[in-house]
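Here subunit A shows up in two complexes: once beside subunit B, once beside subunit C.
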Partner chain A sequence: MKKRLSKLSGSQAFWPVMIFLAIILFNTIMTRGEFLTISIVDGHFYGRIIDIFRNGGKLMILAAGMTMVLATGGTDISVGSVMAISGAIACSIINGNLLPGLGGNVAMAIILAILAGVTCGLWNGFLVSQIKIQPIVATMILLVAGRGIAQLITNGKIITINSDAYYFINGGYILGLPFPLYIVLFLVGLLLLFVQKTAFGLFLESIGCNPLASKFAGIKVNKFLLAIYTISGAFASVAGLIESAGIKGADCNNAGLNIELDAILAVAIGGTNLMGGRFSIFSSVIGALIVQSITTTVLALGVPAAYIRVLKAVLIIVICLAQSSKFKVSLGKIFVGKRGRKEAVAL
Partner chain B sequence: MSHVKLLTMEGISKSFGKAVVALDDVRFELEKGEIHALLGENGAGKSTLIKVLTGVEERDEGEVELEGEKIHPRSTNEAQQIGISTVYQEVNLCPNLSVAENIYIGRAPRQKFGGIDWARMNKDAEELLGRFDLKLDVTKSLDNYSVAIQQMVAIARASDIKARVLILDEPTSSLSNVEVDKLFSIMKRLRQEGMGIIFVTHFLDQVYEVTDRITVLRNGRYIGTYKTSELTRMELVSKMIGKDYASLNKSLQESREEKKETKAGNVFINMKKVSHQGSINDMDLTISRGEVLGLSGLLGSGRSETARVLFGIDQVTGGELEINGEKVHLKHPLDAIKKDLAFCPENRKTEGIIGDLSIRDNIALALQAKKGLFKKISKKEAQKIADEYIKKLEIKTPSADQLIKNLSGGNQQKVILARWLATNPQLLMLDEPTRGIDIGTKAEIQKIVIDLAAQGMAVLFISSELDEELRCCKRIVVLKDMERAGEVAGDEISEGAVMQIMAGGEAS
Partner chain C sequence: MSRIKNLRIKNVSLTMTIVLFLVMFIFGSARYDHFFSLSTFLNLFNDNAYLMIAGIGITFVLITGGIDISISSTIAFTGVFMAFCLEKGMPSYVVIPIALLIGVIVGAVQGSLIHYYKLQPFIVTLAGQFLMRGLCVVISEASIPITDPFFKFMALGRISIKLGDSKALNGKIYYYVLIFAAVLVTGLYVLKKTAFGRAIYAIGGSEQSAELMGLNVARTKIGAYIISSFCAALAGVVFSFYTLAGYGLQNMGMELDAISSAVIGGTLLTGGVGSVFGTAVGAMIQGIIQTIVTYENLNTWWTKVTIAGLLCFFIVVQRIITVRADAMKGKAAAAA
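The block that comes next holds the complex of A and B.
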C-alpha cells in the first residue's frame, strides 16, 4: 500500500491533480458549496465545474500540442495567431466572403481552417528543422504575421456569422455534456494513445534531451520536429474554431491573444521540463485546467479581472520555485531536517 | 620535499538515495609536492570523492582538513578560493565563449575603470597555452576545437589558478601521447613548486610514470595507500579488482588464441576511393565478416571520419560504397542501422548518452529506431534486454531505471556499447570504446569484441592505444593526413611496423 502510494506521488501528474483538487476545494468552501452544484436544464449540465471544462477546452488542446513542442526543447509562440487565422478562414467561408463557390459549407470551412493550421505548423517546423532558426524566433514570425494574414482574410473587419451548425462546436451538447469536451477527449485521447502505443514518447524525450546523440542512434530528428510543429499548428487551428464558434464570429485582433503564454504556463504547471526531455501530456492538460480554474476562481470571488494577471504571476513564481531542486533541498532542510532531504529531492 | 600534510579526508561517506552507496568511510591523504594517484574500477567512487571534496556534492559524513584547517566548500568556486583547483571528468567549460574567456572566467584582468582588459586577457591566455605548446586563436569560441584541445584548455585553466591542490579527473583519456607528455612535464613542475596533485586515470603506465603514491578505492571503500615504487602492477590490479589479475588475463589469452584460428569470411564493407570533402580522401577499405580491422593514425588522420562516412553521418562526396556487395547511398545514420551497421562514437557525452533517460531507454534506443516508430519495444522486453547487458558488461547500477547521467563515466560507456550490441549488427564500429574504462573491463570488452568477430561479425576498431589494437586486430590499416597510408596484417603486426607507416615509410 505504502509502495503504491509513493509510486502515485512519484508520478508527474500527482501534484497537478492535487493542485487542481485544492483549487476546487477552496472554491467550494468560499462559495459554501455553490461551486460544486450542477444543475440540469433541458437535459444539459450546467455549473462552474462544467464551465471550467468547457472554457478550458481550447487551452487543454493547445497545452497538449505545446507539450510536445516544449519536450523537444523548442517552443511555439504562434498558436494564438494560428487560432485567429483558423477562425478567420472558417467564418469567411461560412459567410461566403471567401471561396463563395463552397456556398458556406460548414464542413468544408472546418476542414480548410484545419488545413491552414497544418500549413502554419509545417512552416514553423520547416524553419526550425531545416533552416535551423531558433524556435522562439521562428514561431515569432507567425506570431506577428499571423494576425496580419487573418486580417487580410477578413478584410480587417470583425465578422459575425449565423450558423447553428458552427455554433455547435462551442455551445453544443451531447449526452448532456458540452461538445468542446468531446473534442478534447478525442484529440488528447488520440495523442495519448499514439504516445502509449508507439515509440513516439521515447524518441521525443530523446530528441529533447540530446538531439545529436539521438541522430547518432538513428532517430530522424528533423522529420520529428517537422511533425511536432505541424501537430501543434493543427491543434491550434481546432482551438481557433472553438473560440470563434464561441463568439459566433471572427475577431482577428483578439482571438487567442496571449494564449500561447497560458499554454506554456499550463505545460510548466504540469511539470514538463521547458528545456526539453521528460514530458507528460496528461499533466499538461491538468495544468490547463488549473490555469482555467484560477481564472474562474478570481471571477467567482468577484475580484476584478485585472488581478488575474497578478495572480498568474505569483503562480509562475511558485511553480518555478517548486521545480528548482535546490529550493526543494533547502525547503526540505527546514521542514524535515537532514533525513527527509532526499525525499524532498525526489518530489 | 619532506612529508608535509596538505590535505586529509577522514571518514567520508556519500550515498545517492537508498540504493547507491558511492563512498563508505573513505580516507585520503595528500602531501605537499606529491602526485597522488586515485585509482579504482569504474564506479569505485573516485569522481564522487572529488566532487565531495570540491563541494559539487554534499557529503553525508566525514571531515576534510586543508593544512590543518577544517574546510567545507559548498561549490567549485568556493573550493577554488581556498586553493583547490579541479578539472572534472566531463569537461565543464562554456563551449560558446572564447578560449581566453574560458580560461579567465570569473577572474578576468581589469582595466583602471573596472572594464575587462581584453587585450591583456588574450595575451595572457596565449602565453599560458604556449606553455603547453598550444597555439590557438584564443578569441575563437571553444567549440571550434576538438575535445582533446578543450581538455588541454581546462587543464591550463586549472593549473594557472594559484592553487594548493590540483585535481585532475581522467584528464588524459582523450589526449594523444605528445599532449600527455606536455601535461606530465607541467605536473612535475607544479610538484616542484610544492603543489599537491590528485590524479585519476585508468592508464597504469601513466601511474607509474608520474605518481609518487597511490590510493585505491573499491566499491566505494578505502582499500589502501601505497608508495608507487613499492607496488607492482600485478598487486595494484588485484587490489583494484579484488581478484587475481592472472585469471582475467588468461581468458583474454584464450580468446586471442582462438582469434588466430578463425578465418575472415567474405567482404562486408567495400569502400572504393571514397571521399568526403575535408575529412577523408580516396579511401580504399574493405572489412570482412569475422575480422577485427584496426584503424590507426594520429589525431585528425581520418580515423573517426572514416567511421562517420560509413555510418551515414557525413555523406560520400566521391567514390563508391558497397555494403554486402550492394552499392549504397547512406543519407542518415538510420540508413546505416537498417543495413545492420552500428557505431559507438568517441564523444560519449555529446554523441552518445541521452542523459535524462534511464539506462533501459538508452539501451533500447537504437534498436527501437531500427524497428521503427510503430513496432514499440514493450517495457518488459526492454527491461529484459537491459538486464542482460547490465549483467554481461557488468554495468554497475542498482537497476535499469537509473538515469544514465548518474552512472560513472566508464559505466556510461558500457551502456552505449550495449545499445549497439542490442541491435545485433553485422558491422560494429567502435571509436575509442575503452576510453575511461577500467583495466578489468577493458580486457572484458576486448574479449567480447574478439568473440563477436569469431561468431562472424565484422568489427572496425579505432583506438589511440596502439597495444589495444595490436591485441585485438588481425589487420591494421594506418591512416595519415585523411588518406590511407598503409596496412599491416597477420604476423607482420607490431608496434614498430604501425609506427613506421605513421611516420611516413610504407612497411614492405
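The block that comes next holds the complex of A and C.
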C-alpha cells in the first residue's frame, strides 16, 4: 500500500494527464471522432486539438509562472493587468503613438513590452520581499492600478494595429504548428531546465514549506521571491503579447480580464498545493490545457458560456477539498471506518 | 501593551485618513466653483452607500485576518435575483428577505469551508465569486429593469437638509442612505461592545491564542463571513435601489474597492486591527477622488490609479508602523 501511494504521489502529473485524456476521449465520443480530426490546409494543421493548444498558450505560460509564485506560498493576482499593460505598450509603439522615434519597430515594441512586464514583476517582488506585504495585497495594488495605467498608455481607446510581423505571434505557423506553441515550449522548457537542473526548485519548495527555516538554512529568501515575481511578470507580459496579437490590437478593458483566476485554477488542477511547498510546473501546464479544453468542450456542446464559471467554481472547491488533510480525515470517519481514519491521519 | 500599540496603529491610520479627506475636500473647494456645498458632501453618501455597506461587512472578515473576494458577485447576484423575482410578480417584501437570506447562506458555506477544512479564504471566496457571477448570467444575461413601487419609492424618496439659506448649505439624502447609517451604527456596536466583536479582534491577533483562551473560534470566524456576505447582499439591495435594475456584470472587481476602503480606513490586512468607521471614511475618500476626477474632466481611469497609489501608500505606512511596534515589543521583552 505504502509503495503504491508513494509511487502515485511521486508523479504529480499522473492525474492531470489522465483527466486531460478523459476530456479528450469524452469529446471524441460526443462528436463521433470529429474532435480528433486534424486537417492540413496550406501546410498548416487545423483542428480542435490544435485550437486547444493554441488558445491555451497564454494560460500555459501564465500557469507556469504562477506555479512558482504559489509554490512559495504567495499569489500573483496582477497577471491580467500586466497582460493589459504589455499589450498596450506593444500596440502603442507599433502604432507610433508611443515613442514615435522607434518608427513602429516590432522587435523594439516586443522588447519594451516584456521589459514593462519585468518592471511590474520587480515591483510586486519588491513589495513582497522587501516591504513584506502579503502577496495577495501587494499584487492587488497592481491589479487595481495596472488596467488604469494601460488605459492611460492607450489614452482610453482600443488600439488597432496593422502589422503582419506582430500578428505572427499568435497567428503564425512554423512547420505547420501554431507559433504560440513554440513560445510555450521555449519558456516552459527553459523554466523546467532551470528548476530541475539547479537547486532553484528545491529552494523554492523549501521557502514554500517554511520561509523562516529556509532563511536559517542559508537560502536568500528575499532574492528568490524577487526573482520569482519578476519571472511571473515577464511571463504575463509575453501572454499579453500573444493576446493582443490575437485580437490585432490592445483592448485594455478586457485583455486578460479574470485570467489570474484561471491560472490559479490551472495550478490547482495540476496538484500543486496552493499553500506553498510541493509543486510541478509540468502538471500546471497540463492543468492549463484542462481548463482550456473544458472551455472548448462546454462551448462545443452548445452549453451557454455562463455555465463555465459555475463549473470552474465547483472544480476549485472539489480540488481544494481533495487537498485538505482535514477533509480527508472527516471523509475517513464517514466512509472508511477505523482503518481508513488511521491512514488518513498518516497522510 | 500590544493592545495600546494596536490602538496607536489604528489611530495613526485613521487620523491620516480623516485629514486626507479634509485636505481633498478643501482642495476641491478651492479649485472648483460649486464644489464646496452640502450636496457635494451628501452625494458622497448617496453614490457610495452600497460600497460603504459592503466595506463595513468585509471589515469584519479582514479583522479576523481573512479575505472575501466574493462580495461583488454577491451584490450582482442579489440584484439580478431580485429583479428576476420582481419581474415574475413576487412582492418586494418577500424578495428582499430571500435575497438577504441568500447572503447569509453564502457566507455560512464559505466560512465553514474556510474554518473546518482549513482552506485558504482567498481560494474559497474566489470559487464563490465564480459561482455567483456564473449564476447571475444563468438567470439572465440582459439587464432586468425593476418597476416595483417599493423599489421606486426607495430609489426616489429623499430627505432635504437645509442648514441655511445659501445654496451651498442645501442638500438631500436618499432614503437608502439611512440603511447605511443603520449598518454603520450596528457595526460599531457589535465590534466594540459585544463579546463577539472582541472575539473577532482576538482571532485576528492570533487565532491560536484565541482558541487556547477558550473563545469559540468556529462561531466567530464563520460569523464574520456571514456578516460579510449579508452586508454584500444588503449592498445589493441598496444598489438595486440606486440603479433600479439587476445586471449580472455589474460591479466587476468592486471587492477591491471595498478592501481598499478598509485599508485606507486603517484596517490591517494581517488582521487584529480595524474599524468600520475607518472603512466608511475610506469609502468616502474614494468617492471624493471620483468627484474630483469628474470635476477635473480627466479620464476616469485616473480614479483607479490614484486609489491604487493611496492604497500602496497606506499599506507601506502600516507596514512601517507594525515593524516599529514589533521592534519596540522586542526591546521591551529583552528588557524584561
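FYI, the second predicted complex is superposed on the first by the 312 of 347 C-alpha atoms of A that agree within 3 Å, B and C clash if a C-alpha of one lies under 4 Å from a C-alpha of the other, contacts with A are read in each partner's own complex, and residues count from 1 in each chain.
One rule holds in what follows: a contact is a pair of C-beta atoms (placed from the backbone, for glycine too) under 8 Å apart; a residue touches a chain by one contact, two chains touch by 3 or more.
Quick caveat, the model's predicted, so the values are computed rather than measured.
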item	value
Which of subunit B and subunit C A:Ser206 touches, first, second, both or neither	first
Subunit B versus subunit C as contact partner of A:Leu321, first or second or both or neither	second
Per-residue contact with subunit A, leading partner among subunit C and subunit B	C
Which of subunit B and subunit C A:Lys220 touches, first, second, both or neither	first
First, second, both or neither for A:Lys248, with subunit B first and subunit C second	neither
Contacts of A:His44 with subunit B and subunit C, given as first, second, both or neither	neither
Set of subunit A residues, in rising order, touched by both subunit B and subunit C	none
Of all residues in subunit C, those that touch subunit A in their complex	67, 113, 116-120, 122-124, 126-131, 133-138, 141, 256, 259-260, 263, 269-270, 299, 301-305, 307-309, 311-312, 315-316, 319, 323
In the complex, subunit A residues that touch subunit C	75, 127, 131-134, 136-138, 140-145, 147-149, 151-152, 155-156, 261, 264, 268, 274-275, 304-314, 316-317, 320-321, 324-327, 330
Subunit A residues touching subunit B - in the complex, by the definition given at the top	197-200, 202-203, 205-206, 209-210, 212-220, 273, 277-278, 342, 346
Subunit A partner contacts - residues on subunit B that touch it in the complex	17, 311, 313, 332-334, 337, 343, 345, 350-357, 361, 364-366, 368-377, 419
